[in-house]
Amino acid sequence: MSIQETTKQALSELFIDQATDTVIAEPPPAATEESVDQEEAVRLPGVIDQNYDTKGFHLDALVEHEQLVRAAEILFGLGFFIESITGVDWIKEDQLEAVYDFSRYDFELCRVVVRVFIPRTDPHLPTITGVYTGANWHERETHDFFGIVFDGHPHLIPLLLPEDADFHPLLKDFKA
Amino acid sequence: MSQPIELQKDETFVLNVGPQHPATHGVLRVKMTMDGENIYNAETVLGYIHRMHEKMAENRSYPQYMPNMGRLDYLSAMAFNHGYALVVERAAGIEVPERAEYIRVITVELNRVSSHLVWLGAFVLDLGGFTPLMYCFDDREQILDLLESVTGSRLTYCYFRFGGLYNDIDDEFIAGTHVFIKRMRKELKMYAKLVTGNIILMKRLKEHGPIDRDMCQRYGATGPVARGSGIDYDVRKNEPYSVYPDLDFDIPVYHECDSFARYMVRMDEMEQSLRIIEQALEKLPEGPVNPKKKPKIIKPPPGDYYAAVETARGNFGIRLVSDGTKNAYRLKLRSPTYSNMHLFDEACRGMLLADALAFMGSLDLVIPEMDR
Amino acid sequence: MGGYFTELFTGTKSLLDGMWVTLKEFPKRPVTLSYPHESVKMYRRFRGHIELIGDDEGKANCIVCGMCQRACPSGCITLAGEKPEGSKKKVLTSYILDFTTCSLCGSCVESCNFDALQFSNEYNLASTNKEDFIMDLLKRLEEQK
Amino acid sequence: MSLTLLNAVIAVFIAICFVGLNAAYLVWCERKGAGFYQRRPGPMENGLWGLLQPPIDGVKLMTKQLLIPGGVDKAIFMVAPVLAMFPALISFVTIPFSETIVAHPINVGVLMIFASAALGGMSLLVAGWGSRNKYAMISSVRAVSQTVAYEIPLLITTITVVMICGSLNLSDIVQHQLGGFWNWNIWPFQKSVGYNLLMPISFLILFVCAVAETNRAPFDLGEAESELVAGFHTEYSSMGFGLFFMGEYANIVIGSCLITILFLGGWSCPIGDLGFFPFTNNVGWFLLKIYLIIFVFIWIRWTFPRTTIYGLLNLSWKYLIPISLFNLLLTAGLLKVF
């Protein structure tokens, strides 16, 4: 079994107790014609395969925010390292997306993207610094740029922005 | 040797290394809590050269953003350009002619050698040896001259275009590169004698600055830092892009997990880069360097795309979120030293100040790339 | 004990090796260039600041299409033109380059379809006066004639 | 009495001139040498080959403002550079440049030099403590532990030579080596002790100790510009810095004088006194020898990276002290035998 399938299976177990049994076998989105906004809006939590050649990553997992730490633990156990954490501001849907990139050191190539959607007002996420120590700076950076509060983070002060910064420049409604 | 010492929190003082300090090579600030000359902990303070490149990406069209890439990592600007070109080509589905791919590889590898040369000089300077810096800069000068004759600039090349290149290389460049490879092989032997073999250097690097595999995984360290810890991870091999699969080269891996291992990885990488350049020059096909048909205005279909390249410092990844317009909706730059520097705090505890700064040098930091 | 003397021996040898390398460099000629007295020849492709290309009479080739202005990522080009009476083509009346924000990327030169822009070979551009970097390229073209 | 005093005053005056000129032009030599080692020409602009650089630098240093950082102990802060310069000057009083050119020959000249050298370490401590700067503080602590560690092998090696020559008077030590280079103490065969194979190694030990005592690269832990910014003189500007600089170069000259006298036969002509000018025992040979040694000092500085404090102490306690002690015992034994 390739690492992609193993990882997919492991991550799928997160969603089993969610009653919707169709989630695991959700087909990859074939049509990209419809706008990404609608597609993201209807997407249910679950893991889907992506076409590496066109997308640049293999697995795309959408999780609820209470499943996030568990997902990170699964990936850590499978030998993934953390590449980056970032956010995307979907201002039209009034949502923030946090994107976690994971990759592997060995030759079985598998890039995993874990996404979480959270409301734009009062965005909170659990920290994964307990699993990946290196998430510390990435989470601080995401907090800087998007204002996402990572609950349980040991040292959530501005990293790249000045220490007294109270603005979040990558939000779409930010005006300099 | 830095034996584990019981450090007392209540007997410490804070030493500000940076933002203006000779060892930080730029405006990095490390707030070290010290017990005597031993480090109790070190908090890195970033952001002194933060320019919000990611926001700029949202306000510029795709081709307009290309020059920004050279400003991220001024030492391996070519590789950063390559990463950005890759992700946009992947998103917009632009084909690259083969000759352009080969020339990309040649220039990126030349740039990698020049970047490692600066690192070598600066690293030995950190250790107190001044002369190798001058030799390194002399050698690097040859590369910069070569690249300048092709791209027109010396540091922030901005040489790649989506689907191709700014312009073609000429015979003069090819001849010059062959001369350079010959010279560099000789110089590498000289460095081995002058620097690598030196007992003082070995004593300072061997068994100092330990980074093990687990630590790399937790922090996401890549590049020579990971390869010095026994992880054979190199994007050029693990996730082949461009024409790297057609070229024969090795990834140097050392299992000692110390500063000397990282040092040796980079020294060997220069040799491997020369090999790559030599082969690429040999295989260089004729043909155009820009695709015949290319969209006039680049508007990738909505969705998110990812591409990674191996820069001189490690895995540089770009996540591009497109909404179908001519500007990126969101562009995330995953810079390698950001993760590599992050582990400094954990790794340097209990070290002597001199060793910690040598360790910092072995991480090969480029601050603008970290702060973005 | 064996290691003690081996290390002493190899260590000393490595130091002497290093000293031999630097000694060999000592009598060699310097590779540097004493800059203000001599200077390097710039490469043909060297990217200095941009300049206008004129025809034989010194008139700018520019037709004031404004492509360069739009291509510039940092908005450092300001140009204006007017249509003289009886002429079909627009004529350039001013072309200002704000070099303080220019990043020498060359997008303007590439975007130009009328062979009107090129890179100059100027690199001695240091000045203590900011106004020196607001360049009037049209004036420059006239002066070159 | 008064004549002796006058003599001493004149000697100190000459010493100051000598030290000052030496310091200035050694800086020039150092920069020029660094340039040649590094494929570049070194100072070129002022005068022929940049020969006017040192006086111009001197003028620059003297006209700069002497900054005193807030909150320092002014007395200590100001006295430190003087303390760096003073022992170096004192040492010159006893050094015999030739048979006749010596300011004040003292029977225990060796002791005198070591006493003032120990005082030199003091100046670093005072400067580091008085600067109210953490880098300077770390630097001075390093420098003192370095001085303590390296004075021991230095003394032991010197004692070996003193035993062979049977005198603490520097002139006598040179007299003992007159008559050709084969009589110098550096060789493994000696008139008085027969074969002592460790003598060349003793010479090396003395050389290493001299480099370490003068805080030169690769033992410049006190300055360590990439770690401690500028070490103990971080806070000094103008002539305060200038005095430290001069003191450093004066110490280098003293160090090389000591090496020349103890091992290389001082002012003696390498092929024996032939009785016509350059080949007599004269001051020229002495100066030639010390500048050759200074050349090696510069050569070493521009070749090696810096050691760390444990590397430095390891070298001293694991190699230099045992070997020099062993040589001391061996020499003592040989003296008994022959």
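So that you can tell them apart, the chains are marked A, B, C and D in the order they are listed, and the count of residues begins at 1 in each.
Here is the rule we go by: a contact is a pair of C-beta atoms (placed from the backbone, for glycine too) under 8 Å apart; a residue touches a chain by one contact, two chains touch by 3 or more.
Remember, it's a predicted structure, so these values are computed and weren't measured experimentally.
Chain centres defined as mean CA positions place B nearest to the mean of all protein CA atoms. More contacting C-beta pairs link the chains of A-B than the other of the two pairs A-B and C-D. Centroid to centroid, with C-alpha atoms defining each point, subunit A and subunit B lie 26 Å apart.
In this assembly, the C-alpha centroid of subunit A lies 64 Å from the C-alpha centroid of subunit D. Distance between chain centres (mean CA atoms), subunit C to subunit D: 50 Å. Computed centre separation for the pair subunit B/subunit C is 25 angstrom, with centres defined by C-alpha atoms. Counting partners per residue, subunit C has 15, 18, 21-22, 25, 31 as the residues that reach two or more other chains.
For subunit A, the set of residues touching two or more other chains is empty.
Listed for subunit B are residues 131, 135, 138, 194-195, 198, 200, each touching two or more other chains. Working note: touching chain pairs come out as A-B, B-C, B-D, C-D. Listed in rising order, the residues of subunit D touching subunit C in the complex are 35-41, 44, 299-300, 302-304, 318-319.
Interface of subunit B with subunit D (complex): residues 1-2, 13, 15, 21-23, 37, 124-131, 134-135, 138, 194-195, 198, 200-201, 203-204, 352-355, 357. Within the complex formed with subunit C, the residues of subunit B that make contact are 60, 63-68, 71, 131, 135, 138, 141, 148-153, 156, 158, 166-167, 190, 193-195, 197-200, 202.
Residues 32, 35-37, 53-57, 76, 79-84, 86, 88-89, 99, 101, 103-107, 109, 111, 113, 132-134, 136-137, 145, 158-162, 169-170 of subunit A touch subunit B in their complex. Residue ranges on subunit C touching subunit D, taken from their complex, read 4, 8, 15, 18-19, 21-23, 25-28, 30-32, 34.
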